[in-house]
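The following pair of complexes shares a single chain, subunit A, combined with subunit B in the former and subunit C in the latter.
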Partner chain A sequence: MPEELLLEVKALRTYFHTARGKLAAVDGVSFDVKRGEIVGVVGESGCGKSVTAQSVLRLLDEKHDVSYEGEIRFAGSNLLELKQRQMREIRGNEIAMIFQDPLSSLNPVYTIGEQIIEAIMLHQKIRRKEAVRKAIELLRLTGIPSPEQRVWEYPHQLSGGMRQRVMIAIALACEPQLLIADEPTTALDVTIQAQMMELITELNRKLAMSVLLITHDLGVVAETCQRVVVMYLGQVVEMADVASLFARPLHPYTIGLMGAIPRMDSDRTQDLQAIEGSVPSLLNVPSGCRFAPRCAYADEQCRQHMPELKRDAASGTMVRCWHAGTLAEAFEATEAAIATETSEAAERAEEKGGVQHAIYP
Partner chain B sequence: MPSIHEQEGGPMPLLEVKGLSKHYSTKRPASFRKSLVKAVDDVSFHIYEGETYGLVGESGCGKSTLGKTLLRLVEPTAGEALYQGEDLNRMPSRQLRASRRQLQMVFQDPYSSLNPRKTIGRTLEEPLIIHGIGSPQERTELAMRMLETVGLQEEHYDRLPHELSGGQRQRIGLARALILEPRLVICDEPVSALDVIIQSQIINLMRKLQRELKLTYLFIAHDIGVIRHISDRIGVMYLGKMVEEARTDDLFAQPLHPYTQVLLSAVPIPDPRVKKERMILQGDIPSPLETVSGCAFHPRCPFAVETCRKLAPAKREVAPGHFAACHLA
Partner chain C sequence: MEKAQPSLHLAKRKRAFGNRRRGLLKRLLASKTASAGSVLIIVVAFISFFAPWISVYGPHEVDIVNRLSPPGTEHWFGTDNLGRDIFSRVMHGTQISAQVGFTVALSVAILGLVVGLYASMYKWLDQLLMRTMDALFAFPAILLAIAIMAALGPSVSNLIICLIIVFIPSVARIVRSAALVAKEQTYVEAMHALGASQTRILWQHIMPSTISPLIVQSSFIFAEAIIVEAALSFLGAGIPAPMASLGNLLADGKMYIYNSWWMTLFPGFALIISVLAMNLFGDGIRDLLDPHVRQGKGKK
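Moving on to the complex of A and B:
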């Protein structure tokens, strides 16, 4: 059943009740995660990606701050209609989550073993001895050396990468069907990040566990995800499988995100393509297309009317832009031009005998 | 071995660092023995006028301490830092203050590096007051002009930091460093707290300012893509030591030190068509409290041989202008 839907988010709206009114941090977001799939959610800070993830587990304070609209269907039931007690059975058991900062997510006064055992015994009726054995097994699975000793150590005795492994071990304790990883590698160094992403993809393959990966790093997305959701100011602006998204991004925001990253093969003499301005506040959401004020291609139509999320006939990508088709062609043309330019420049440099540096004598 | 520049009788470097070290003595946890943390250990390099020298490494490698030591925000334990031939480390404080006008710093966190109770105008004028430059009126004019230079408007003059976004604050951080018309700017992770799009705006701005104001940058960062984009030459640090140094294109075309190779291969590529062979390192960066015999990288190095365990490798010129501290390079 490779196509079976595990998580289906339909027209989700998450409102924050603030002194200045009701603000929709997530505004009509729909996407799904299939069994065994890794789906990435990308965007800048304030785009609503983390709030979307927290809404799935209903982690936000519903008594005072937050209200939801829409549907979150997980394995048949709508999570937004469940009672808190039923929700507790799903959290950690069927859907687990790991967070950005492993030090503040772990309790400093309990050993890591205690914290894993707690997660196991909360959801499974097994003896403590059995739970200890399982905790050690989980630490081994996540690649912690000499887990028999480490299990009785405190969080401060471990390095950042080790702590994130412990977080993953706790998340895996009940063999969840879905793992939500909210910026799991942002606080880690690049070599440790590589270890972590390797571990998450390996667990995804071995345990057929679906992953919803929240990140701002398009490099991580390209290497681990099968499908991608791009968010801007609370809305999905583009949604596609990884290959089409990177080969033919349609939304100007996605194109801008890609141009902003200094790539390992880019021409260093050129400036990065930077989108102007910054993400507006939820207090003044622009009328029409939300990206229009920062978009180089925006016209009157964009400023007046909000585009719908529509399927692009050529690639099957879902995109929210009035000019999606024409922009993609322009993007492909520049990419091709850059490619030929770079190879020509390399040839020229070779003829001259190496790259010349102006500032060196 | 003399470097390529000296052989050719090239220009004098703007900054020349020789054997710079910063050691901290600490008590080991749960023990009475004192131990020495070598945060920066015998680092030598030089920076030429007009270039950008990138310093890259993972957290704890000593790159930020090195940057601070150069300005004596942290007092070095040993070594020399020659600015235009004069040793900053031996300068009396009055002279050091004069030199600092030409050596400025931009910090990582635009939230904590600006005084929340001072208006942007006051923040920008303070360095001018300290160095006794201009009349109050001239200082205000200079601050206004600087705001425009970094892409802000005059209306920002009376604002407080909390009214600005992260990107705008980092522009203020740049403006504050540049208002004294420095020659060398030490940038300590100036874009790592920013979102990618804001990051690209600041990088473009920094390159534009470098061209217009003829600045020299020491650019400290952990992001390899950013370092590659902005630097002319790069030094790679691991556990307080400089393990490799080369021109940017040479370093990326042929990384010589195994650590550099691992570091470069760990960077995720935003292109799903590229499936690359990744070198995954075992273990974490060891605690700097533990002294490692021989090469500091040998416990994690996939190529380590007997010599590496016994003898610390010296930095040597493997190819013209390309230095590495590795027995096997």
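Moving on to the complex of A and C:
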């Protein structure tokens, strides 16, 4: 079967019209999601990943003064050209979304059953009785124990993880082709996070549903996604499949994000690396490469000229950096050094007879 | 076994709902102000409903021979300058006041809800509606009411229309602000993401969170409407003269207050009780429905 494109975002620009002028929160973003694929969108807060996700569903139209440029192709039609009425047919039905905070994503005055039934009956003409049965089925599918009783409980009677499962059940109500998950695990504790991601990957496999996963957690991306889009200040800075991204990150921002993940095999006495500074405001976008002010490797060229998104010959990764090739080699060299160091340490420890204690003091 | 299940859950749901309602009633009775208010409301409602049967004399029965007779066994509250029975007139007056107050409170609640909700949803409509409401709000209630009554002419239904116009802004504002808070909740955004229409979101998901402030405000408007109605009648711009409204009774008594105090005292007392009942009830309801007030009380 040829790999079919489900969602294709082409040169998307999302502008907010504010009192201080027209701000491009998303500035020329292109990526695609194939059928049955999980694509991760990674970046710090304020890099435009949520705005990208909400642009796909055109959710910003309701609340803000926004305009779009570019194209969002979904199953043949350009979503940016649809009228609100047609857009409502897509929302929840073809593309569903789950939000960051499961605590406030459910209406406290209705039972979870009523909310799932509402979601079902919004797009499907079926009898209420049928919808009730389907709601219970959905709860069972998302792994909620004794769904027959849970279905008539109010959101406050459920734990955070349960509520996120309910949110997923609501999102699945009309069997969407694409699920947009906007930081679905941020508000949950670590063990529940793992369960949630497991559930999402399982549903992706079972229902052949594509997932666009918005996250700032590279660990989650490494475990679940097939491809990754790294965003910085409204632009795509790197785009690759997971294996090559982690083996050979090209953009200094990606390398920085990886440096910020605690690792089991690194030297524990060293401080965790962080990227200096924070994402600049959209009001004063730096000229040249947008990451240059925070980049340790930036030179005059970086500060003057914006690099284009180019394909790296070795790995096929798309990257927006003038020094991509040289940096990747440096990264690989240090990785190799760490690897030999750890294996040497392991050997030494083995000689002493306590491998685990030596590596993980 | 499988087939029995849905009805079982339905029963469970109904029971849960019943429990919640009983809980609310219990809490209502536990609060002193609310229960005092409720008792007074029941008394006032009883009197105004059964006024024609309780009183021996009609409210318009003139008895010139026994004019201005003090309270006694024959006329419990005495008679007025035309010999009409004050007891009967007070009861009929309470009836009219309660009718006006109830009709006004109910209509204002419904209209204010619609205006407030739609104002919260669309920006241009918000400007239009809320600026109109501001303009209405800028006038003192009595002055505005007199102006409207002068334009419409005196009658009970015109008075009700006039009071509705006067009181809509306060309800519309409260509903709007509650709706604006609810609108920012993630569950409203989630409903948009599910493809629900604006109208559906407005009535199904935003409206419920405006209900408790609406109920509280309406009970205060009930009381306020009674006062404004009495004031208008007292000034001669309210309910037309021969009818026994509390304001009319007070206006009649004004001339004779030095020698026939009963003509003023009893209607005044009836007015106080009706208004107090609604205010106590409103206070009690607010304490019940507003979790912030409830928490504050718990700490004390």
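Heads up, the rule we're going with is that the second predicted complex is superposed on the first by the 337 of 361 C-alpha atoms of A that agree within 3 Å, B and C clash if a C-alpha of one lies under 4 Å from a C-alpha of the other, contacts with A are read in each partner's own complex, and residues count from 1 in each chain.
The rule we apply is simple: a residue touches a chain if its C-beta (ideal position, glycine included) is under 8 Å from a C-beta of that chain, and two chains touch if they have at least 3 such contacts.
The structure displayed is predicted, hence computed values, not measured ones.
S.K.: With the two complexes overlaid on their shared chain, look at subunit A and say whether subunit B and subunit C clash or fit.
M.R.: Subunit B/subunit C on subunit A - fit side by side.
S.K.: By the touch definition at the top of the document, which applies to A:194: first (subunit B), second (subunit C), both, or neither?
M.R.: Touch status of A:194: first partner only.
S.K.: Should A:96 be classified as contacting the first partner (subunit B), the second (subunit C), both, or neither?
M.R.: second
S.K.: Could you look at A:246 and tell me whether it touches subunit B, subunit C, both or neither (first, second, both, neither)?
M.R.: In the superposed model, A:246 contacts subunit B only, not subunit C.
S.K.: Regarding the shared-chain residue A:75, is it in contact with subunit B (first), subunit C (second), both, or neither?
M.R.: A:75: touches no partner chain.
S.K.: Does the superposition put A:109 against subunit B (first), subunit C (second), both, or neither?
M.R.: Second partner only, subunit C.
S.K.: To the nearest 10 degrees, what angle do the lines from the C-alpha centre of subunit A to those of subunit B and subunit C enclose?
M.R.: So the angle at the centre of subunit A is 80 degrees.
S.K.: With the two complexes superposed on chain A, say which partner A:217 touches: subunit B (first), subunit C (second), both, or neither.
M.R.: In the superposition, A:217 touches subunit B alone.
S.K.: Which chain, subunit B or subunit C, is in touch with more residues of subunit A?
M.R.: B
S.K.: With both complexes superposed on chain A, which partner does A:88 reach: first (subunit B), second (subunit C), both or neither?
M.R.: After superposition on chain A, A:88 lies in contact with subunit C alone.
S.K.: Pick out the closest CA atoms of subunit B and subunit C after fitting on chain A and give their distance in Å.
M.R.: 9
S.K.: Along subunit A, where are the residues that touch subunit B in the complex?
M.R.: These residues of subunit A touch subunit B: 44-45, 145, 159-162, 189-195, 197-198, 216-223, 242-243, 246-247, 256-264, 266, 268, 271-276, 278, 355, 357, 359-361.
S.K.: Show which residues of subunit B lie in contact with subunit A when the two form their complex.
M.R.: 5, 8, 10-11, 48-51, 58-59, 165, 167-168, 195-201, 203-204, 207-208, 222-226, 228-230, 232, 247-249, 252, 262-273, 278, 280-281, 283-285
S.K.: Which residues of subunit C touch subunit A in their complex?
M.R.: Within the complex, subunit C contacts subunit A at residues 5-6, 9, 12-13, 16, 185-187, 189-197, 204-205, 208-209.
S.K.: Within the complex, which stretch of subunit A touches subunit C?
M.R.: Touching subunit C: residues 57, 59, 62, 87-93, 96-97, 99-101, 104-109, 111, 118-119, 122-123, 129, 132, 148-149, 151-152, 167, 170, 173 of subunit A.
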